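Next come the structures, one after another.
The two complexes that follow have chain A in common; it is paired with chain B in the first and with chain C in the second.
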Partner chain A sequence: MKPNRNGIFTTIAKLMRLWRKQQKVSRGSLTIPKEELSGNLAIDVEAIQSLFGHADDVIVRHIPQPPGRPDAAVVYIDGLVSKDAIAKQIIERLLEPGNPHDAHAILSHVSAPDVSAVHTLKQVADALTLGKCVLLQDTRREAMCFGMAEWNQRNVEEPASEPTVRGPREGFTEDLRTNIVLLRRRLRTPALRSERFVIGRQSQTQVQLLYLDGIARDEVVAEMRDRIQKIDIDAILDSNYIDELVSDNPRSPFPSLQRTERPDRVVADLLEGRVAVIVDGSPIVLSGPTTLLGLLQTSEDYYLRYHAASFAREIRWIAGLIGLIAPSVYVAILSYHHELIPTQLLFTIAAGREGVPFPPFVEALLMETAFEILREAGLRMPQQIGPALSIVGVLVIGDAAVRAGLVSPLMIVVVGMTAIATFALPSNDLANAIRLLRFPTMVAAAILGLFGVIFATMLVAALLISSRSLGVPMLSPYIPVWRRGLKDAMVRAPIWALRDRPWHAVNPDQIKRQPEGQEPKEENKR
Partner chain B sequence: MSRSFFPVLLVSCLLICAGCWDHTPVEETAFVVMLGVDSDPEDPKRTILTQMIVLPQAQPQGSSGAQGGAVPYYLVSQSGLTLSEAQMRALRHVPRYIELAHAQSLVFGEEFAREGIEEAVDWLIRQPQVRFGISIMVSRGTAQELMQAEPKLEALPPIALEGIMREPDPVAFTFNISFHEFAKKIFSEREDAAILVIERVDPMMAKARSGATAQAEHVGNELHAVGLAVFSGTRMVGILEGAAARGAVWVQGSTLNSINVPHPTEEDRYIAISFVKPRSNIDVSMEGDQLIIQVRVSAVGNLFEAVSAEALPIGPLIDEVEKSIEYFIKEEIEAAFDQILHLGADIFGIGERLYRRSPNDWRRVAPHWHEVYRQAHVDIQVDVTVTHTGLAR
Partner chain C sequence: MRYEISWWQFAMMLICSKLTLLTTYAIVLVGQLPPVRDSWLAAIIASAIALPMIFAVYALSLRFPGKTIFEINPIVLGRFLGTVVNVILVAFYVHWAGITIRQFSFFLDSAVYLRTPEVVFGILFIVVALVATREGIEFIGRTAEIAAIVILVGMSSYYLLSIPDIDIGIIRPFLGEGWSRLWQQSLTPIALYGEGVWIAMLAIPHLSQVKDAPKAIWFGTGVSTALGIISAFLLIGLFGPELIARLAFPSFSAARVVALGNFFERIEWLMLIMWIGAMGVKISLLVFGATFGTSRIFRKYPIRHLAVVIVLLIFVTSRFTNETLSEVFDFFSPAIYLLHALPFQLAPAVILVIAWIRRLKGSGLKNEA
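Moving on, here comes the complex of A and B:
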């Protein structure tokens, strides 16, 4: 090898490139033939059945017709359709004597509300998987699809991950249609646009892009549309697939889109000019562009008096900071900066740490890891075992660890504080990011003391400053500063003062939300 | 390639520059809360440094740690030609890293203070850990003895000291100064320092039972401020006690919480007066070679306690009471000035005041300032108004 200053790095880079090349495997070969229907009933039915591999839930009902009329067959997938409706609205009608033999004339006979005509096998397959019932007729190169979809689904319930004290209790479900209905009911304007995408080579998942036409900034809508269209993937099982595939900062732990289970939240986002993405099968709806401030806000902020709401927002900022740096500050101060602790407190801490065999960093790492394990276990466990876990958790983490001399009592306080602080954050994704970044911050604190804490915090700040969501800076309206936006940032101004929509998400002529002079007059009171 | 290499380089640079080297976990540190400096009786060239090290396990603590009765500190004394040497010697047998950043007070032994404290001040200034806010005081007797006190209410003597320096003791409150101020005054030509003299005391000072057998002299475990150690330059030259110390409080513009004056009408009875709004003003001028110090003190008095069988018809007698209070205060101030002029200790910064007032005069008298100061004429005026004659419940 010729002498090279960065010899080893060049070699590694070459290997990486080689490896990446090998990763480019050919795409899956399962493609649906685009051939058209033949017009021969037997052949077409056989083609459909073989396309589904003669699956026994693909049901074919032959409807024999008197001579002189073309035979017909109804095809559907069991469980995705309402059999009652098919029987009543289609099969019964077709069996009636004297029904018309012309396919289009059938429409005058059949009472199904949603009808369309398709011509290719692929379209037939798509229609079947969407829960439609397909009517094929001999000698016709066209099939009629009737929307008969009906399947079991969850009711609209209170969102489990975003409960509220004041405010609506409805949450999204896994069903796309229901979700859109939840939005339409709150936003009765024709300007609410809903664009449909079908993504996922295998899953054929429906994805809807929603926005308020005119208000949502055209560039943002176009950008989102463009990014969604570029997705080429096997399956979309949850909205997170979309989030990761359209993210501005694919390497950042911070979320780039807002996720919520609450329709009211999405409606508020739409009204501020954001776009929303609903994925069929996921109760989590994405909206963007979002900001760090948005991630720290809840819809409840607008359902409480503004004083209380503003206070809650400050608390969340503090909680975020505690969640990020509290264990690190503990480690740094106890390892390097004893002078910072008030004398009396220091002796109490020293007394607590007397006999603890580990340095503060190991102690903190131990306890944080123990807590993370407990948290993860709590998520994965059947609910019936929950109490057992909390008892063990309380005993192991709370008391026994101290008594056994493994950790000091103050460490328990710090870990507890940190844990509670991250739970105070409204966005689960933000809390996860902070939880994750806590560990490198602790390492920095152990190596460099408070300097390390500051260093790590600055790196996080740099990461946030450089992050974007659909092209909008994450720290807006602080960086860059937009003064009118500060009314709805760290504090929430009264509703009558919130006259502006966020500039970055709306079309420039739509920034004004409401006219001035909404403030109730003092003299009205008697 | 460079994109991944650069951060690695950056982080590895950081690891070199600081960090782990300074790592001192709390449990491997011995915290010194009080320092005492004495002269070595065996060798006049040597100095003894006493360090009070906290025992964390004996600290009262929540449910797990309380071990009643254990003394929460121990003392480490070493002598050396320099204080650094004395401290180094202590390191040999203290199994932990000694940290001085939490030292609350520094006590000079009386003898050491009389011999001159510049060595200790120099050490403190250069010592990176000790804070400039540390309280400075002189002990009656040796510092070592003082540090062996075991105050009851507070676990640690320096914390007890902090407590007695709060308002109830006006002398301690007024003259509790930090090392920063002390060093400034010590090295100033135009000002001298006055710091507290601390003594161990038996809390049962007054024995009610008379006729009991005389007890062996008992050294108390509590601490209190007995007076003011006045310095001239870096040497302690005397101690102001009693009236003189109280007089110094008045001159500083602070106030005593109460004084007793004779009852205007009844014999062997006293009335107690408390004061608010104390003011003092010192005016310095030169008349020829004569230094004239004008001290104006004023305060508002409240009748605090009137020991009398009958209700006091004090209203008409108020002038008389005021006069006797003024006389009383004036006497105390005179006592203070008598002593400090005699000792040549400029604890009120008269020289500084003169310098500010008329720098030319100062320059003229500076070479023989001490003689001028000793010969100063002091003019004292006290003005007390008693406004509240008190409410009886």
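Moving on, here comes the complex of A and C:
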């Protein structure tokens, strides 16, 4: 008789299935059971407390009732709700003689604007974590939830990472509602759509997708909605989680969505057909699809005269290039291509490098690493120590290193220029990507000179060319070329000439932003 | 996902492909040494002969809309013979990619990096081509947009800056050496301008609007012809035919002559920078062609997986072709270069004639790369 090989495989498969099932069961213990409320007050209260592990901040206030009436209890999480409101609007009303004893009838006596009925333990838990107060009654298999959320939050302030000389000074906060209000105040149109998602098995974070109905391209909205809905993670602690989870280019160092703290910036994006994603607890709002040009633009570009704005944009492009390749070009030219340096300058550089014991690559690597350490330390330092650190850093990086003969003065200039150049970029994510790519570019320069620099730059360009944001090429409108988009690209045309919205984000019939003839007439000179 | 390119990107691919050899090996001149003084006419003659060959690909695409040559061959020639021809086409792409990699590696090694092993550049080019091939023809099209603009700006600048050093008198008298020598001079450039054929075979089926293909062919060939004419003028005017015969890379030497004021000089490095992107595009197109063809032979096997194998094959091929710089120069003689290129460049025209005789037509969906 032949051995039954299939039997062995079947057994292994069964064992695997069993193991997977066990894995699922063990994972399932982290999720909240979807049991319905029992209708027995004591059992339901105990179930809720057990759900939260009898946490101290889950407060249960029993409200005894006269005989013949069902007992009631109010449950809330301390710190997430307004206790005064609960006391005045719910407890006092329930304790008043002659008050209605039916839960629905209570609604006519309670002035809380946000009221809903829930039936399962999971819904109760969700309501509690959202800052609602839950009213349970004996014999009733439903609970009433009252919106009483109140907690300490930051005021609307000027965003620290995106200050402007001209333009509004408001910035987003960590509160989702406040952020939506900041947008609605600027966009007083019913076309502003807002879709809510709750993401994070444990964090239950509220995520809001916003867009202008009719203007935003339907495919883009659907794509973003679809990607958000597919997220399955235990917690969303910041908008970066969403960014990384919906990214078109998960392995690219370049961001695939625009991040901003400025409401005016998001409003401008929405008006150009983009979608915005606000995450509760994060002051950084995402918008997309974005392009490399978008990452190099600021909202201030539209608050200045177009000549100055265009000039600033050119400067940012140059800054990006300097940030990426300046140290590499230094290494390449000094290591391989002396002939490229005019003779007079070559003598000056040679005099500066006299006594420096390191080759240009090591010199550049040391200085860049030292600067990055100082920068990272500066971010973590308490504010009181920050200026002291800057002074020490400047002395160490600059004067002392040159005097010690470790580096040449030109190297200091190059590192300084590079650092300043990356800070000139409006997008912190873009600056980070450039800082990161600078090091491999330097290695390429050390190995192959200018050819290495070009080779590395080509790979960076390849990365950008292949990158997309919600399906839109990152180098649009340059690659692929969209001529009308060039009016608001490296150069900004006057506002009256910006007649078109970006083709990639808006519905095709909404490309026209404004009619022709907006240009001020010559007669206005009078 | 469906990959599409615009006519502009197709035109830029044509420009990149031709300008690389034009600017490195000055191929309009090196087919016959010393070159004739009227070499600029060779560029016109060569492109006039190459254009019908490229348009044959367009005609074939109109007859079989949306199909690539690798799908047309089995329809026109029968499954067996069509597959055999496809294998030959893939072999050509592999061989030509190997030759091109060797040419560019030797150029960099001999002109600039004398102490770096030539194989290093071969590896780097192959890495770029692998990345590009895996991303598809849309990616190569976009890269060509950047690379062509860079090389065009670079070439125009150095042409302009070298004008003061040109001696127009060297170019005269017009047709002083007769038509026969001029014809001889034109043979190698025919193969260069005929390279549009294999680019068109890859690009036209992927065009978003096939009817735009003639625009791209005229524009791409026109610009590269104009630059070929200017290049011949410039180099003959700068060095004269006798000196060109002694220079390995006359275009590179011409860039050395250029100076702006007392500060901006020795710009050959800037030229090199401008050429590298176009080199990458040309090699990527060849590698993509070989991979795409193989994918079609093996029932649309995923290109991303095939690319690695094909790239390795191309790299090995490159190690066994043109093993010395002198062999590279010998390759540019009409007897070798034209004979290597012409059968491949004429293939679409032959297929078109057979399809026309057999009254075959076909249509299909856009290909997926």
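Going forward, the second predicted complex is superposed on the first by the 498 of 526 C-alpha atoms of A that agree within 3 Å, B and C clash if a C-alpha of one lies under 4 Å from a C-alpha of the other, contacts with A are read in each partner's own complex, and residues count from 1 in each chain.
The criterion applied here is as follows: a residue touches a chain if its C-beta (ideal position, glycine included) is under 8 Å from a C-beta of that chain, and two chains touch if they have at least 3 such contacts.
Since this is a predicted model, take the numbers as computed values, not measurements.
Of the two partner chains, chain B and chain C are each touched by A:339. Of the two partner chains placed by the overlay, neither chain B nor chain C lies in contact with A:482.
Once the two complexes are laid over each other on the shared chain, residue contacts for A:454 go to chain C alone; chain B is not touched.
Touch criterion met: A:466 reaches chain C, while chain B stays clear of it.
Contact with chain B, but none with chain C, is seen for A:351 once the two complexes are overlaid on the shared chain.
Once the two structures are superposed, chain B and chain C can be ranked by residues of chain A touched, with B on top. Legend: residue contacts after superposition of the two complexes on their common chain; A:409 is shown touching chain B, with no touch to chain C. In the superposition on chain A, chain A positions 339, 448-449, 451, 455 are in contact with chain B in one complex as well as with chain C in the other. The residues of chain A lying in touch with chain C in their complex are 337, 339-340, 342, 448-451, 454-455, 458-459, 461-462, 465-466, 473, 475, 478-481.
By the touch rule above, chain C contacts chain A in their complex via residues 6, 8-9, 108, 112-113, 116, 120-121, 124, 128, 131-132, 135, 139, 142-143, 145-146, 262-263, 265-266, 269, 272-273, 276-277, 280. Every residue of chain A that touches chain B in the complex is listed here, in rising order: 6, 9-10, 13, 334-336, 338-339, 343-344, 346-356, 359-360, 402-403, 409, 447-449, 451-452, 455. Of all residues in chain B, those touching chain A in their complex are 1, 4-5, 14-15, 18-20, 22-27, 29, 31, 33, 54, 56-57, 59, 61-62, 64-65, 72, 99, 101-102, 104, 129, 131, 159.
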